[in-house]
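For reference, chains read A, B, C and D in written order, and residue numbers begin at 1 within each chain.
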Amino acid sequence: MKEIAFRDAIREALVEEMKRDETVFLLGEDIGRYWEGAFKVTKGLADEFGDKRVRDTPISESAIIGAAVGAAITGMRPVAEIMFGDLTTLAMDQIVNQAAKIHYMFGGQAKVPLVIRTPFGGGVNIAAHHSQSLQAWFMHAPGLLVAIPSTPYDAKGLLKTAIRGDNPVIFCEHKLLYPEKGLIPEEDYTIPFGLAQTRREGEDVTIVATMFMVGKALEAAKTLEKQTINVEVIDPRTLIPLDKEAIINSVRKTGRLVVVSEGCKTAGVTAEIAALVAEKAIDYLDAPVRRVAEPDTPIPFSPSLEKHVIPDEKAIVEAVKEIA
Amino acid sequence: MKEIAFRDAIREALVEEMKRDETVFLLGEDIGRYWEGAFKVTKGLADEFGDKRVRDTPISESAIIGAAVGAAITGMRPVAEIMFGDLTTLAMDQIVNQAAKIHYMFGGQAKVPLVIRTPFGGGVNIAAHHSQSLQAWFMHAPGLLVAIPSTPYDAKGLLKTAIRGDNPVIFCEHKLLYPEKGLIPEEDYTIPFGLAQTRREGEDVTIVATMFMVGKALEAAKTLEKQTINVEVIDPRTLIPLDKEAIINSVRKTGRLVVVSEGCKTAGVTAEIAALVAEKAIDYLDAPVRRVAEPDTPIPFSPSLEKHVIPDEKAIVEAVKEIA
Amino acid sequence: MKKETLIRLYRKMLEIRIFEEKVFELYGQNLVPGTIHLYSGEEAVAVGVCTNLRQSDYIVSTHRGHGHCIAKGAKLDKTMAEILGKKTGYCKGKGGSMHIADFSIGMLGATAVVGAGIPIATGAGLSSKLRGSDQVTACFFGDGASNQGTFHEGINLAAIWRLPVLFVCENNLYAMGTRQTQAMLPQDISERSVAYGIPGVSIDGNDVLSVYDAAEEAVKRARGGLGPTLIECKTYRQKGHSRWDPATYRPKGEVEKWLEKDPIIRLEKQLLSNGELSEAKTTRIKREIENAVEDAVKFAVSSPYPAGDEALEDVFA
Amino acid sequence: MKKETLIRLYRKMLEIRIFEEKVFELYGQNLVPGTIHLYSGEEAVAVGVCTNLRQSDYIVSTHRGHGHCIAKGAKLDKTMAEILGKKTGYCKGKGGSMHIADFSIGMLGATAVVGAGIPIATGAGLSSKLRGSDQVTACFFGDGASNQGTFHEGINLAAIWRLPVLFVCENNLYAMGTRQTQAMLPQDISERSVAYGIPGVSIDGNDVLSVYDAAEEAVKRARGGLGPTLIECKTYRQKGHSRWDPATYRPKGEVEKWLEKDPIIRLEKQLLSNGELSEAKTTRIKREIENAVEDAVKFAVSSPYPAGDEALEDVFA
């Protein structure tokens, strides 16, 4: 095992997959030698693999994804970067109507082995156009897989699976996770999609948390432990497919559920997980479900405001205590 | 009262509001004199109000919405048409990042009185790029209002409210509803947003249904009545704001909930409503919640396939019987 | 041009025309679900371009795609079956008229979102280049599509990367009821190539030989690593935009004028007059095509619809 | 040009420069949350354009927008307060540097989505036209933005409707680390005007008089109902793209070369040499601006942050 930052774990996955398979290539804005990625994820890659396989593009999100789709259906394995998740809004047709539907519309003739990496999340005071968490939209777009790693280990393992797979994947990265460190094996490994990870075992309340919120949930768990509330923290790791069984089994054990995710509350990630339990596991529930998410506002700029809308440990503790 | 088709009710709202307020104008692809709207909603309007106020545009969805935003923040009240709801994917940045957030980002300085009319829904065999129901995305985009009329009466009343209001509204029309007839008053009326309508009273099971599914739910209700299951059918009429109270009150009465909506199931409209009840009304529930929606597939072309994925009366009856 | 090539051009155009006349007839009989966009009158474009392509080359198509399919070599029976929503169709009935694809012949599929195919074609071009293959991609789209953002972004990307792509604009004067000149100020869409620093030409899209020549040149450039070309083919759709369109927005006499320029009749006359074709031969060709189309109809009509639950298949690879 | 106009141009450019130097200093002191995109070196563009505008005219701005704000007449104190995330800022701290707006002076706001302002400007132009007002709209955007689909769609729409809009492309050679010529083949972005059938000019964007003249002409056209103009201003950002950018991607000597063309120094020299300005007067002007900026800083720094729950306000009107 070795210790590595989240951004470096992603880079390692890219490097190893590009070495393993020459059809893998990268494209995106400022990912090449001059900038090496807005978050420096692609540092050194243009030097190592050349400009041909690490392709800077103009500011053309639609064309980035469209070109990646065209390459994917003709034998390549593109990994496209959209510099900020908020900007997927400029490429939704290509993502949702083209990439996601091509395999289906054409009756299974074409494969679309395309990975779209993009950072989501708030916390760095860059306001309404650079801080959103739009994962829920991609859950609601059949044909896409959605990965939401919260650790370097998962980031690397899931990204490798994504690149080797034959389906379009929205690979969600959290801005605040990039510098976070964690242990990963020295040797090659992959992580299957659809397998949640129990980050902490507990009997009293189940917390399902995503991405940066996993850490917040674990902090909350410590605080709650002192108050003799023992929570279980589940990290789905992928939203599509979702490990429903893991969630339901945990709820069966605890009888209580808090779902925590960035992204605004209404019709968000937390809604789907709450609905799942309302549908499949309501008999196990001993209390109302609680959703901890952003209120239905854009993300404001000022630190004092942003802090107010992004879920924190305190909000999680409160939600747990309401139902525990 | 007079009988009128859904499409004509919409047209009447447009005509009356354009007469009432000269800042109201229309723009969209082929809405003018040469085609009069892909679904003939704008029939006769260019003749009546001139090309200046009924503006044909090039095939430029992003610019249609962008231009409407620019006009809205400078004193006009544009009603933009996107020919098919699936094509809002081409304008998501303008809708979600610009129209929806401008009032907020600029600290309340600007108003965005913009209505975006667009048809959703399947049932006419036009396949994956022309049949989607993406309402859930717009629920998950703070700053937007979302109207989902199911009758000519609601269509007219809600559209008038939308046009007179100062916020961006996604006004969702269902393709199959356009020819449907209903009664409306002769005189001017509006319908407030956020007020659900109980389409049928009942004690055994609450069905919350949207748009074309309201009719299907009412059909199901008749069938179920014969089997002595008495369902209540609630039509939210707007998704944002959502009349949570009406839903919760009904569930309090019946103890059972089935949510029915087009659009795929995962992270869809039905998820939000199920989650709401799991959060706020779980104590009243005597059975699991049931969601009736499209499976997580694109909409297929062939009638035999499309029929399979779009919820019908039978699916609703079954869902109700599972929990009744 | 070689005689065989001329005959091939003629035969292909005719095949498309007769095939579509049948489609028109079938939807009169309510056998075609949904909507249909006929290519009648524009056959010279698809045929002039695709006759320059190899089977391994790619095309990207549109909602008005039957002509592109057939010109690239798609089978009539599987095309017809798809249009009718049958299990035996190219896409197992999941795609329909607006979403036909045949990857086995490099037909990368039709998209019903106007303009969406343009960056996808750029990507196919990129793929060939990265793989070191000499495949070229031809991307078809309409005059209306050239006002989409994807036109701008997709062609610009192909230009800077010098990708082997032919951007073939089928300017049939209208996008639904909107005239080209109502939607943009330039008369010639090929002028837009200036914005990308690539060659652009405007040609008579109802003259299959002009199309052939322009495409030949562009294919040569593309295979030679010189990058993309924008080819605007001025043409005309002889029918309404789609199934229900009476096309009353057309000025009087316009259709008649363009019917006189019918690309098939034009080539036929020419070939007859210079002796490369005889009346007997044209009759035989027509007969052959009619029979093939009849077979396709039989195949399609007698094929089963997919079972409902097949709708749940093919979401993921 | 009248002397007062020249002095006004000089003063405004200087105001922007000194204001931003202060912003730079403040973020060194960790008083500026988030990121910052400085306009230093490009002042001639905003000032040359906005000096031709009336208060009732509109502008649409970008992530690099401080210069546009100040040139259009925004107050320094409320601008600074917004940049610092204070309750007293233009947007109550909700917008920040990338989303400043002042509707009272026709500053319709900055968008941080590159290119997104272009169709919005088209809409503002449409609005003026529909209301029968003679307002014009100036839309600022970068070289990078000109590769966005919104550039194509937005300008095309303004062209066909002959809307009173100035599309002002600030070609500062780079979009982040990407050179303009790496992202498109044409050397001059103004060539893209051909695609829309409107006039396009490329000018020295570091010469405020050239910018002023070009804008004057375009405003005349716009107010006269002749439609939009694309004005490409060749300029250079003297700093990195944003807060953290060391800008190592620049070839050696490039910055130095452009510093010599600094628009403020250039105009100052000119005015000094032809006697329209004296050393004493420049010193006084600088002093006045420095004081005004100091006041703005005091105002901003001493203002409170918004209370957390104000985040829940202003979602709907």
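Note that in this section a contact is a pair of C-beta atoms (placed from the backbone, for glycine too) under 8 Å apart; a residue touches a chain by one contact, two chains touch by 3 or more.
All values reported here derive from a predicted model rather than from experimental measurement.
Colleague: Among all the other chains, which ones are in touch with both chain A and chain D?
Modeller: Neighbours common to chain A and chain D are B, C.
Colleague: Taking each chain's centre as the mean of its Cα atoms, which chain lies farthest from chain B?
Modeller: Ranked by distance of C-alpha centres from chain B, the top chain is D.
Colleague: Just curious, how far off is chain D from chain C if you go by their C-alpha centres, in Å?
Modeller: Their C-alpha centroids are separated by 45 Å.
Colleague: Taking each chain's centre as its mean C-alpha position, how far apart are chain B and chain D in Å?
Modeller: Spacing between the chain centres: roughly 40 Å.
Colleague: Which integer distance in Å separates the CA centroid of chain A from that of chain B?
Modeller: 30
Colleague: Can you list the chain B residues in contact with two or more other chains?
Modeller: 57-58, 60, 62, 86-87, 89-90, 93, 97, 104-105, 127-129, 142-143, 295-298, 300
Colleague: Could you check chain C for residues that touch two or more other chains and list them?
Modeller: Only 91, 93-95, 99, 111, 113, 147-150, 153, 156, 160, 182-184, 315 qualify.
Colleague: Once you draw an edge for every pair of touching chains, what topology comes out, line, ring, star, complete or other?
Modeller: complete
Colleague: Please output the residues of chain D touching chain C within their complex, sorted ascending.
Modeller: These residues of chain D touch chain C: 147-153, 156, 159-160, 182-186, 191-192, 194-198.
Colleague: Quick check on the complex: what are the chain D residues that touch chain A?
Modeller: Of all residues in chain D, those touching chain A are 33-35, 85-86, 91, 93-96, 98-99, 111-115, 144-145, 147-149, 175-178, 182-184, 249, 305-312, 315.
Colleague: Across the complex, what residues on chain D touch chain B?
Modeller: 58, 60, 89-95, 99, 101-103, 108-109, 111, 113, 116, 118-128, 130-131, 137, 149-150, 153-154, 156-157, 160-161, 313-317
Colleague: Flag every residue of chain A that touches chain B in the complex, lowest number first.
Modeller: Those in contact with chain B are residues 86-87, 89-90, 92-93, 96-97, 100-101, 104-105, 127-129, 134, 136-137, 139-143, 240, 242, 263-264, 266-272, 274-275, 277-280, 282-283, 285, 287-291, 296-298, 300.
Colleague: Note which residues of chain B are touching chain C in the complex, please.
Modeller: Residues 29-30, 32, 34-35, 38, 56-60, 62, 86-87, 89-90, 124-130, 295-298, 300-309 of chain B touch chain C in their complex.
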